[in-house]
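Chains here go by letter, A, B and C, matching the order in which they are written, and residues are numbered from 1 within each.
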């Protein structure tokens, strides 16, 4: 089997380049500043938000629609048993420091990521790799211990980009990649500057320079956008301001989908949530639309299971948990809690959680469930909720793409333990036939939906605000990235 | 003349907010635990004299219940400061120059070196945010204030003749401190207590503004301001009224403190102007 | 005098040691693992362990304390867990925002408070005096962060004169930097100016009532001349004390104001580092702030002792 895909991004860039315009620099606002600039040793999405595809590239790469396209590997062969991947690398690719990118760099990058002392935050992506060999300078052979249908998908992640041994030591402050932009300067606490890579192997970027400016305060973001200090704000933090931008002809507002299923995570092992009737009662006590309106000012799509609505295999299961406080009350009575009960609701920092939490607390109170809210920082949340299982309810957006597999892990913080689901998940991993896979995925969605494992709220949306003349931006966010390789100014 | 006018304005403002807080226990215009998204961010009308917030809650009701939080936190913090600070100050004064005096003095300096916000951040990082943590953080900061004040004024009292007389009568230091010194510094303590009370209201507002105070759904003025920040261009009244509540309460307490000081001890007038 | 200074020096040293122990202990026990935070929810336990080792977190706590204090003594503040850069460099960079902010605010509050306080004192009971007293009473009651929000609403969102937050860096030029610090400095300065103006006024009124002033008036100086030539100088002692005290208040107030305006200063660094569990940074910054306050207190004590020898005994 041989696959060779033309990158949609590159096509867009060709189109854009023909309309080159005097205005060739772009200032992009982002809410979060990266802690450092090594995407292969931190979970911080802020790193990928700046560097993914712009500075660093992997063997494969995500397109704007989430598809997996060719990256530094222009093609690949997969052995019949699905265990051996032979990647044919593009020739003549140079790192920004002038050294050549070859098979040895790929071996180095993958071995580094899966090494025992690796600090890669997504080490599981590389878990199935048995060996990585350089056959010749442009051919790499990767052998897996078990077949893995998502291997090419895994290699597209920002955590799997190709880095060079020559520049690895200072990667945290001076990232050297192969992308269409070179890292130029970082004013800590303020901005990161990139410049066009004139020696890029593919279609060169239309922009000569790009500046990422970090503005975490929503009020300041609003003021900076209105003052036209920045050209694009990716992941605009305050949905309440969108109508003001939409009404203003100077701006365009793109509302895209993300991979973030926002859920009311429930401690399935903690009484009374170990009783499915109680979980069902919670599900029926929640008015999703009120949460989307109240917390997100209308942004977001209701979901009834842990699956992204834009995925072709999505099943609309919101009907299983219609807002019905009467039903919720009677379910609680049936489960032995006619007067309700009290539980904890622990909220991490994002506003979807903080605002959503206040609304959910009020909705649960209607059916007799009292919640004690505590607002936590991420570190506290990880410690208490994620690792400590010390919570009744929490709200969090699970932003990894296609992550329904977490329901097959009984130790995962909401502690759902269903052998039937786990067996189906194993079947899915071994299944190659698309139709059979779809059927399995539908089944998986249904099981957790009618088991009311968690309260399913909405798919997180991401608003991008841009000046009217900016074109080629990604609307959706299939991964955390601000891919500027195809962005340009219209005349 | 001005003094008594201050006293009356201050007392009226303070009483107004205290009354609002008390009334809120039995009645508020609207239930603040029920959200009404459809009615959110309404500007002031007859039905909602101060408008509604981003969840459609009545801001007047929120401010009334929020007064409870502010007042409770500030009062308890003053009590902590007095409860620890006054005995420490009395002990230090009655053993002037001793190791105990030195220890208390240096301990006060040390606490003063930690801004209360830092103490609050550290406590919160350890135990999670709550109104109790805000109380402790502000309370700790109050201890050296009262300890220093008590020590300072007790020291001068120890030189007075009526204390010498008590000493000649065979009373111990502790007994003299309680029976003779304490009543004589009480006025000062009441005045300082009012001032610390108003500082406590401000401190509570700052702490809950940065998310270190009372947790939702319990309203607090500082958090109302924090919540309103991103909507300030859409609905400025969300930020206006809680802020005014803080200003008026603090103003009232400061005027009350000034007035009380003039009333109780005119000699002190110059200390604060 | 030498003996007094020595005694104070010893107590300064003890205070610093106690402070360092308290700070280290209070911060190290904070729940939450920096390595776990950095690696996020998909990290595997062995990855976290590997990172902990890289960061030097696998060393026992008391040994880390001595490493930290030992480093502080020679100016080595350690390496930040999250940013992997020298803490000393980070602090140095942030100080270039916090220090100018505090200094501008202090200057501003002094520039406002002095003339206002003098005006009020020299025309005691006049309309000007009553107005000053009323306005400053209000100024003391306004929370600085609320005042900051209102200024953002008026000057950033409505008038668009200033940006609502952030700092362009001094590289962009002095003007751009000062412009970004203008609103934060004003919001910090206003309450301080109110307090200072009130102190100025009452200190002046006190000295005006003292004997040497009456002598000066008797010698034929007008009230105004007496005020300028004698009273002002004598009133400076309480005023300077307050200014000294205000500096530590400004440092603390800056923590909040930096957060309102998202200025990358020391205050914001504390919040950020706490939430990222970058504990070594928190410890060093808190220690630095506490050290500054203790040092200022020490200097004030010594200055008093120089001015007023009686204090050496009574303290």
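Please note the rule applied: a residue touches a chain if its C-beta (ideal position, glycine included) is under 8 Å from a C-beta of that chain, and two chains touch if they have at least 3 such contacts.
Quantities reported herein were computed from a predicted structural model and do not represent experimental measurements.
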item: Path length in the contact graph (chain B to chain C, fewest steps); value: 1
item: Most central chain, Cα average position; value: C
item: Pair joined by the larger number of C-beta contacts - A-C, A-B; value: A-C
item: Distance from the mean Cα position of chain C to that of chain B, given in whole angstrom; value: 22
item: Chain centre separation (chain A, chain C; CA means) in Å; value: 41
item: Interchain centroid distance [CA atoms averaged], chain A/chain B, Å; value: 46
item: Two or more partner chains touched - positions in chain B; value: 125, 229, 232-233
item: Shared interface positions of chain A, touching two or more other chains; value: 219, 222, 377, 380
item: Multi-partner residues of chain C (each touching 2 or more other chains); value: 31-32, 152, 157, 274
item: Chain C partner contacts - residues on chain B that touch it in the complex; value: 2, 102, 105-106, 109-110, 112-118, 121-122, 125-126, 198, 202, 205-206, 209-210, 222, 225, 229, 232-233, 236, 239, 243, 246-248, 250-251, 254-255, 269-273
item: Parts of chain A lying in touch with chain B, wherever the complex brings them together; value: 218-219, 222, 237-238, 240-241, 244, 290, 293-294, 355, 357-359, 361-362, 365-366, 373-377, 380
item: Partner chain A, residues of chain C touching it in the complex; value: 31-34, 36-44, 46-47, 50-51, 53-54, 82-85, 90, 93-94, 152, 156-157, 160, 163-169, 171, 260-262, 264, 274-277
item: Residue ranges of chain B touching chain A (in the complex, touch as defined); value: 33-35, 37, 40, 54-55, 125, 128-130, 211, 215-217, 229-234
item: List of chain C residues in touch with chain B within their complex; value: 11, 14-15, 18-19, 22, 26-27, 29-32, 130, 137-138, 140-143, 145-146, 149-150, 152-153, 157, 198-199, 201-203, 205-206, 248-249, 251-252, 255-256, 259, 270-271, 274, 286, 289-290, 293-294, 297, 315
